[in-house]
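The structures come next, written out as structure tokens.
Consider the two complexes below, in which chain A is the common component and chain B and chain C are the respective partners.
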Partner chain A sequence: MKQADIVVIGGGPAGLCAAISAAQSGAGVLIIDKNKNLGGQLIKQTHMFFGSEKQYASTRGIDIPEILMKELDKYREKVEIKTNSTALGLYEDGIITVLEKEDNYYKIEPKAVIVATGAYEKFLSFPNNDLPGIYGAGAVQTLMNVHGVKPGDRVLMVGAGNIGLIVSYQLMQAGVEVKAIIDAAPKIGGYLVHASKIRRMGVPILTSHTVKEAIGQDFLEKAVVWEVDERFNPIPGTEVTFDVDVMCISVGLTPLNELLAMRGCQMKYVPQLSGLVPVRNENYETSVENIFVAGDASGVEEASAAMVEGFLAGLCAAAKIGYKADDFDDRRKDYMNQLNNLRSGPAGSHILMGLEQIRR
Partner chain B sequence: MRIKEHPILKFNKVKKIKFVFNGREMEGYEGETIAAALHAQGVKVLGKSLFLHRPRGFYCAIGNCSSCLMTVNGVANVKTCITDLEEGMIVETQDGKGVIV
Partner chain C sequence: MFEKTGIPSRDMIMEKFPSMDRINKGPAAIVECYRQIPCNPCETACRFKAIRVGEDINNIPQINFDKCMGCAICLSKCPGLAIMIADGSKSEDTVEIKIPYEFLPLPEEGQLVKGLNREGAYITDVKVLKVTNPKSFDRTPVITIEVDRKFLYEIRNIRVEV
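Then we have the complex of A and B:
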């Protein structure tokens, strides 16, 4: 059995920052990620980030992991990284089971765990929604921006939130035609700057529209959409058919944190945080001692908040197992202030309402 | 279906890799996943569903959903969206659960 001070599960922005913070405090850290690259969702975000400068606003998402990896490299002798490794289970006796690639299965006994596994994309139900060609917006980004492969030639984007708008723009940058963006809500959810830019490029954004059905034999050939009334009931006779080979689903994310539920952490369904999330204290420690959470796994926000939560959880997890940083109090306060600032806007008040429900 | 020009990104496609898909020889590039290499060749159907045998393609592309399971070098249920292509790989569409033993 492998021993470790702190195991960080997930090496996205939250996990990387947690690792930096814990190692900086003097704890040994083991990062486990199922992907071959660290950086989580950032490795496909080609756009300049919004947020504040402390969290790398106006840096392209793809460039942030490198900055964090450089920082982490300063604590090289404290940090071990395992990629292509999936944490399969988090057991009551504290043991973590890991599968590296397809065949190396082993166990770890950690003193503390930080779960930073991110989120997964929600799905939408309509007839034939399982046809190949219907992909998550994040998947399309990975295919284009990581592998340089186009998802198809003509796309219908479902969802006009920031992700839907940004991925539509990135599709056009890759030379793919976006036929339309639809959203069931009566108003565009994403930032208007993004929406206007896309409209100027000739892409219609149809609000109060949803998918009626997908049509195709072996893969998507056509998509039929229709209008909905103010109570989201579809209006027969308003159908429009699009000739598309890709439908991109961008209807939000939901936290990926089954490991915490498995470990017995108290979980609660909080709509403002986009799903089932663990109850935790100010230090991001869950209801189970020495099990921490950070990033989208603790509630869907943005990379900026994920990073600060990571720093905070890493700092506090290290202190909890005996590696208290000299400037612990100052840093803890600074991270808490940063989180408060990030949550000061209108979207933030929504998040704060959610956080209220899971405070320990 | 590969992106030829991009305003921001450069794709480092250097080393070609040969592999076999359902008995057909194909080419992809080192560093890309099996699912990406297949998609670049226009292959969208990666398998068939468990009970109704409906076509399955990838969905999340980050290893979360299991929609992309294929049989690779005789091993069933490989998540092809996060498994890198290797020289000489034998990749097969998988119908249903796949044969484990």
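Then we have the complex of A and C:
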């Protein structure tokens, strides 16, 4: 059995920052990630980030993993990285089971765990939603920005949150025509600066609209949308048909944290945090001692917040197992202030409401 | 309506512009950040301390047009691509406008391109005066276009036809 001080599950923005923070405090860190490379969703975010300097604002998401990896490399004697490795279970006795590639199955006994497993995409039900050409927005981003593959020629984007708006913009940058962006909500959910920059490219944004059906024989050929009333009931007679070969579904994310539920952490359904999330204290420690959480797994937010949560959880997890940084108090306070700052405006008010409900 | 369409109203746009007198004196940044989000790189980027967001990074940036030199550094740093520069000091008939443009192909200097408004509708042809794309702009090229004065508040984008 492999021993470790702190195991970080997931090497995206939250996990990488947690690992840096924990290693900086003096703890040994083992990062487990199911992907070939670390960086999580950052590796396909070609746009500049919001936030302030401390969260790498104005830097493109794709450039952040390199910055974080360089930082992590300063503590290389303390850090071990296992890619192509999936954490399969987190058991009552504290053991983590890992499958590396497809044949190496082993166990780890950690002193503390930081679960930074991110989130997965929600989908939408409508007739023929399994036709080829209907993708999640994340898949489109991976095809386009990681593998350099155009997903199609004409797109209907479903969802006007930040992801829907950003992916629409990136599709246009890749030379793909975006016919329209629709959203069932009466207002645009994402940042309006993103909406404006797409609108001035000539792309209509239709709020209070949802998908009626997809049409096509072997692949998507047409998408029919219709208007919804204030109770989200479709209004017959308002149908509009788009000639598209791609429909991109971007209707939100759900925290991915079954490992925590399996371990017995107290979970609670909090709509403002996008689903079932672990109850935790200010240090991001869950109801099970020495099990921490950070990033979208703790509630869906922007990557800037995920990074700060990671730094905070890493700092506190290290302190908890005996590696308290000299500047622990200052850093903890700084991270909490940063989180507060990111959430204190109207764009973060739902997050604050959600957090109220799960504070230990 | 803005919340439904992403298109700011004429009044909203006018509020962000400095006076015509100020524009005629030289370049000024127009920050079209209409709704509060946690973001302050414009303030960090401005070496003349002309943009203020303040302690709460959710505040809407306030610009001091006496201090703004129209250097366009903020333009390349704004993650929302919400900043443009207008300069009315060069000609009686036209204004020079700088906008961010992150698409290929980039226009060429001297080329006539389609001038678009904030809905993406064609307004008039505009001449490209300059294409600036230094490393420090981090892949956000800045295009300077010459625009008839009567379209100062209209033109906010271009289309480059291949």
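The criterion applied here is as follows: the second predicted complex is superposed on the first by the 360 of 360 C-alpha atoms of A that agree within 3 Å, B and C clash if a C-alpha of one lies under 4 Å from a C-alpha of the other, contacts with A are read in each partner's own complex, and residues count from 1 in each chain.
Operating definition for what follows: a contact is a pair of C-beta atoms (placed from the backbone, for glycine too) under 8 Å apart; a residue touches a chain by one contact, two chains touch by 3 or more.
As the structure is a computational prediction, the values presented were derived from the model and not from experiment.
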Which superposed partner A:M336 touches (first chain B, second chain C, both, neither): neither
First (chain B), second (chain C), both or neither touched by A:Q173: both
First (chain B), second (chain C), both or neither touched by A:L352: neither
Which of chain B and chain C A:S344 touches, first, second, both or neither: second
Chain B versus chain C as contact partner of A:T207, first or second or both or neither: second
Which superposed partner A:R60 touches (first chain B, second chain C, both, neither): both
Touching partner for A:E121 - first (chain B), second (chain C), both, neither: first
Partner chain(s) touched by A:G152 [first = chain B, second = chain C, both, neither]: first
Shared contact residues on chain A - chain B and chain C: 60, 173, 175
Interface residues, chain A side, partner chain C - complex: 47-53, 57-60, 172-173, 175, 186-188, 191-203, 205, 207, 304, 341-348
Chain A contact footprint on chain B (complex, rising order): 1-9, 11, 13, 32-33, 36, 39-40, 44-46, 49, 54-65, 75, 78, 81-82, 84
Footprint of chain B on chain A - complex, ascending: 34-36, 46, 60, 86, 102, 120-121, 123, 130-136, 138-140, 142-152, 173-175, 218-219, 256
Complex contacts: residues of chain C adjacent to chain A: 2-8, 32-41, 44-45, 56-58, 77-82, 102-104, 116-121, 138-140, 156-157
